[in-house]
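Chain lettering (A, B, C and D) follows the sequence in which the chains are written, and residue indices restart at 1 in each chain.
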Amino acid sequence: MIPAWISQIGADCVVPLDHARTGQTASLLVDRDKIENACQVLWDQGYHIESLAACDVLEGFVVRYHFAHWTEPGRLTLRVSVPRDDARIPTVSRILPGADWHERECHDFHGVVFTGHPNLHALLLPDDGTPPPLLKSNKARKSRTDVLPLEYLVDCGLPPETQASDKPASGDAGAQAKG
Amino acid sequence: MSVSNSFKDAWNYAKSLLIGLGVTGKNFVKPTITVIYPWQQVDNLSTYRGHVELIPKDDDPFTPRCVACGACADACPSRCLSVVAPPKTPKPKADAPAAALVEGRVIPKTEKAAAPEKSRAPVQFFLDYSLCSLCGQCERVCPAKSLRFSNNVYLIGHSREDFRIDLLARMRSQADGKSAPSRPRTPESAPVPETEKEPA
Amino acid sequence: MSMTISLADPLVRLVLALVGIFAFVALNGLVLVYVERKVAGFCQRRPGPLHVGPQGLLQPLVDALKLVGKQLLTPAKGDRILFWAAPLLAFLPVALCFLPLPFDASLKAIEINLGLVLILAFSGVNVIALCLAGWGSGNKWGILGAARAVAQSVAYEVPLLLSVLAVAFMSGSLDLFVITESQGAWPWQWYAMKNPLAFLIFIICAVAETNRAPFDLPEAESELTAGFHTEYSGMGFGLFFLAEYANMIVVSGVAAALFLGGYQGPVASGIWWFLAKLYAVLLLIIWLRWTYPRVRFDQLLNLSWKRLTPVALLVLAGTAVAVRLGG
Amino acid sequence: MRDQTAAAAAPTPPVDMSFWGDSYAARFEPDPSGERMIVNMGPQHPSTHGVLRVLLELDGEYIVRAEPVLGYIHRMHEWMAENRTYAQFIPNMGRVDYLHALAWNWAYVGAVERLTGMEVPERAEYIRVITCELNRISSHLLWWGAYLLDLGAFTPIMYAFDDRERILDILQMVTGSRLTYSSFTFGGVSMDLPPQFIPKTREFIATLRSRLPMYKDLVTDNGILRGRCEGIGILDLDTARRYGATGPCLRGSGQAYDVRRAEPYSIYDRFEYRIPTESACDAMARYYVRLSEIDESLSIVEQAMDSIPEGPIQGKGPRKIRPPKGEACFAVEGARGKIMVMVQSDGGPMPYRVKLRAPGFSNLSLFAELAQGTLVSDAVSILGSLDLVIPEIDR
């Protein structure tokens, strides 16, 4: 049950998800330039930001913005996918000040830079340039298709990226994609 | 705001303060409810889950049910269990010489040489309690149901090594009666103030 | 040259009185620490100090020894002289406040008919000590605590004086002995019954003046980490602690003398009546501490300037008219 | 602090540490006129529950600017999750927020159950509801005592701990531990209710109900406390939504948002209970909300104990959990607000990514705006009214 106004966000792909299996009602793949507009639309509809979770995959970083509503049931997830060497996302802290700390924490843990953020300094980690801890080692890093809900892949038609941008096509990535 | 209700506010303010005094006053005269350790003990120790300990076999209290498979050591998130299995004995081959010498008793060939009943109990079973977070994973995954939570509340040690508990020794000491001291010796000399036991 | 020591000689009486007072304050300091911790304990359904000595009686002694034993640290940023002058300045003047107190008809330390003025004058010195302590320790929280102490003390001097003046009107003199004598032996003759409003104001101001209970803002642990005595440890803190208790005793003594008929009692009036009333007021102050949360700073000042002072003025005017008409 | 030399090229420009202590204070840019004083409230401050440090710029006693500084008790739970099997991460849940550990257990276990599609037997659901609500009461009691301690009253915390001890004894019966529980498992609960659990709990509910009026007399009606809480820390609904505040802080501003109703999970829809809200938006409103929540939780526990069925307490499921690829979120109503755990699996024995959403994180982020222009003692009162548990915020 995707609400009608969701099209205003201009998401690349909107996927209804089964709340009983994934705890989310819909998942939107949003381009990073449209994220501010998306947050503005969600804010106008009465949603509040719940959390911001990045994930380190072969294709770079998938940053998820979870939104929930006081009266409307269900949870909306905005996904922004950014390549690893250009991990920059415009900040939404002006629209949603709650996201300020979430973005700083994401910067701490994954090194994703949020452009335009008023105070993008270390929040939880010591302020001496500690390397982001949640980065996966090259061996452990998986492709985006391995960690997304199955129905998401089918609807959004995301081709499993066999050649990761910076990692030589190793055997297990290929096998994983087929598996 | 009019004078009348400012007086009323002042009166309510003062009345609430007096009621507050009354509450602490009432509690002042009531008996104290603290349990004065070590002269008294709290009464809920029976349900306390202390560190894990080995469960002995039903028939033989000196050998644990454990078969030294190491499942608990793998399942433990903080790797505080170390289990040493007994050395592997080579399987007796079919064409054993005519008479097999088993524990000094000569078995004629016709009688099948029963594999020597080598107990699979662990040789060593240590728990480093300073790392344990009492999560219960080991107890859950143990196939032989050989681990349970002990009731050992009064656990004191001066160094980290004191918390490296030898579970086998503990089980054996429990087996022959001198169970680990789980109750401190109560010094009788100190006066116990009259604390009337509330129906806690 | 022979030194004849006679009790009539005022200097000898003064020295003896001071020695007696310091002994009384030190002893009472220990007793009050014990009583306060026991009262706090029983209010909270716990036994309070128990293990040191029989029923915890040696606990205050052990605490005192611990305080004496601690290393005396001086903060680098602070001002050394002021830092160490403050505790002394807090504790010594309080002894002078004890002199005019009417312990018993015969126990007159010094011949002074302005006893009340002396007490109120010297109780004002305490605030300077708090200010020096806050400033001398060079600690930001200390400065905040000191600023609060000054504002609080100034705010509560005024209603204190007014309520005490009301009693002076009724008794016609500032000498504590005369005031005590002018009250009868029976409770309904005491000024507390004749002028209850003045008594109430006096108790509130007394609690505020000694930085106790709901008004303990200068050393508010949960806000200013420890207010003016953040940097003090060992005997520095010990002296402040003792000064606070001494101030409480002085204030309770004045309350007993002014409003509760001093050493006069229905049966055999004597020093024990005075001490009984003194300890009754002390227990009330201690009881307040373990019941109420702390007042906010602006409410504290509003309470004094906007409510207590006007009421105290009215009470003073009322007493004056009553005394004038009463003949 | 990590060793300077080993760190990679520091992204932030080197700051002159000597005068300002550390980079946070330096970036706080003191006011040039020198009228104002920069003060560190914490991290060793008595009234910041745990190790929270707040940089305050004071003009006299009034706060001009406040900036909380976090990370003093950061343990990187999310990294630990990626290096442990699913079952090995359960004990961490008790250490994230030790005041309402069972809610965190439930959130994590629920997320994995949702991902793997495991069924939880009826009796286990009832045991989860009973123990989680009791844990919520013990968390509110400790908040009540600690809040009064911040405001300067020393006695209420002792009364609160007296009642809280009884809850800890009851919960020890069914979980074996007192504070950091790890008794929820995938598909059920690890221990069943002992026979004396229900009579003891009913007895406890009776005693607590008889003591609540005493709390009301001693504290709630007290004039001094009213003065310290009323009109302090006004949190209007718009600010609450901008920062994503949830739990009693939000309900104190009039919005009845409770995950047990908004996103029903487990068997909460079988019980009748009210979501208490106040509309005054100040610290006193939040105070009332939490006290009436204690009543509500007591009635939920009673209803659950009346209708608890017999049966297994552990659903059937593989010993070693290997959830299918994908991600799942599970939200639970903790004592402080919405706890959400997102588990992302790549089919292996260890999770690929686990996100812990702590309610305190969002609730604290609005403190800087709330504390603007208030007194230091008000800031302490606001911090207390937000019911913060710093380990949950730092994770």
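We adopt the following convention: contacts are C-beta pairs under 8 Å (C-beta built on N, C-alpha and C of every residue); 3 or more make two chains touch, one makes a residue touch a chain.
Note that the structure is predicted; figures quoted are calculated from it, not measured.
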Could you run down the chains that neighbour chain B and chain C together?
D
Comparing the two chain pairs, does A-D have more C-beta contacts than C-D, or is it the other way round?
A-D
If every chain is reduced to the average of its C-alpha atoms, which one ends up farthest from chain D?
C
Of all the chains shown, whose C-alpha centre falls nearest the centre of every protein C-alpha atom combined?
D
Chain A to chain B: how many Å between their CA centres?
45
Distance between the CA centroids of chain A and chain D (whole Å) is 26
Centroid distance [mean C-alpha coordinates] between chain D and chain B, Å:
29
If you look at chain B, which of its residues touch at least two other chains?
17, 20, 23-24, 27, 33
Where chain C touches two or more other chains at once, by residue number:
43-46, 290-292
Residues touching two or more other chains, restricted to chain A: which are they?
none
Touch graph across the chains, line, ring, star, complete or other?
other
Which pairs of chains touch each other?
A-D, B-C, B-D, C-D
Contact footprint of chain A on chain D as seen in their complex
1-2, 4, 7-12, 22-24, 27, 70-71, 74, 76, 78-79, 82, 111, 114-115, 117, 241-245, 255, 257, 262-263, 324-331, 338, 340, 342, 344-347, 352-353, 355, 357, 361-362, 365-366, 369, 394-395
So in the complex, the part of chain C that touches chain B is made up of which residues?
39, 41-47, 50-51, 54-55, 287-288, 290-292, 307
Touching residues of chain C toward chain D in the complex: what are they?
40, 43-46, 140-141, 144, 147, 214, 216-217, 220-225, 289-299
Touching residues (chain side chain D, partner chain B) in the complex
84-85, 87-92, 94-95, 155, 159, 162, 166, 169, 172-173, 176-177, 180, 182-183, 185, 190, 194, 203, 214, 217-219, 221-224, 319
Contacts from chain B onto chain C in the complex sit at residues 10, 17, 20-21, 23-25, 27-34, 36, 190-191, 193, 195
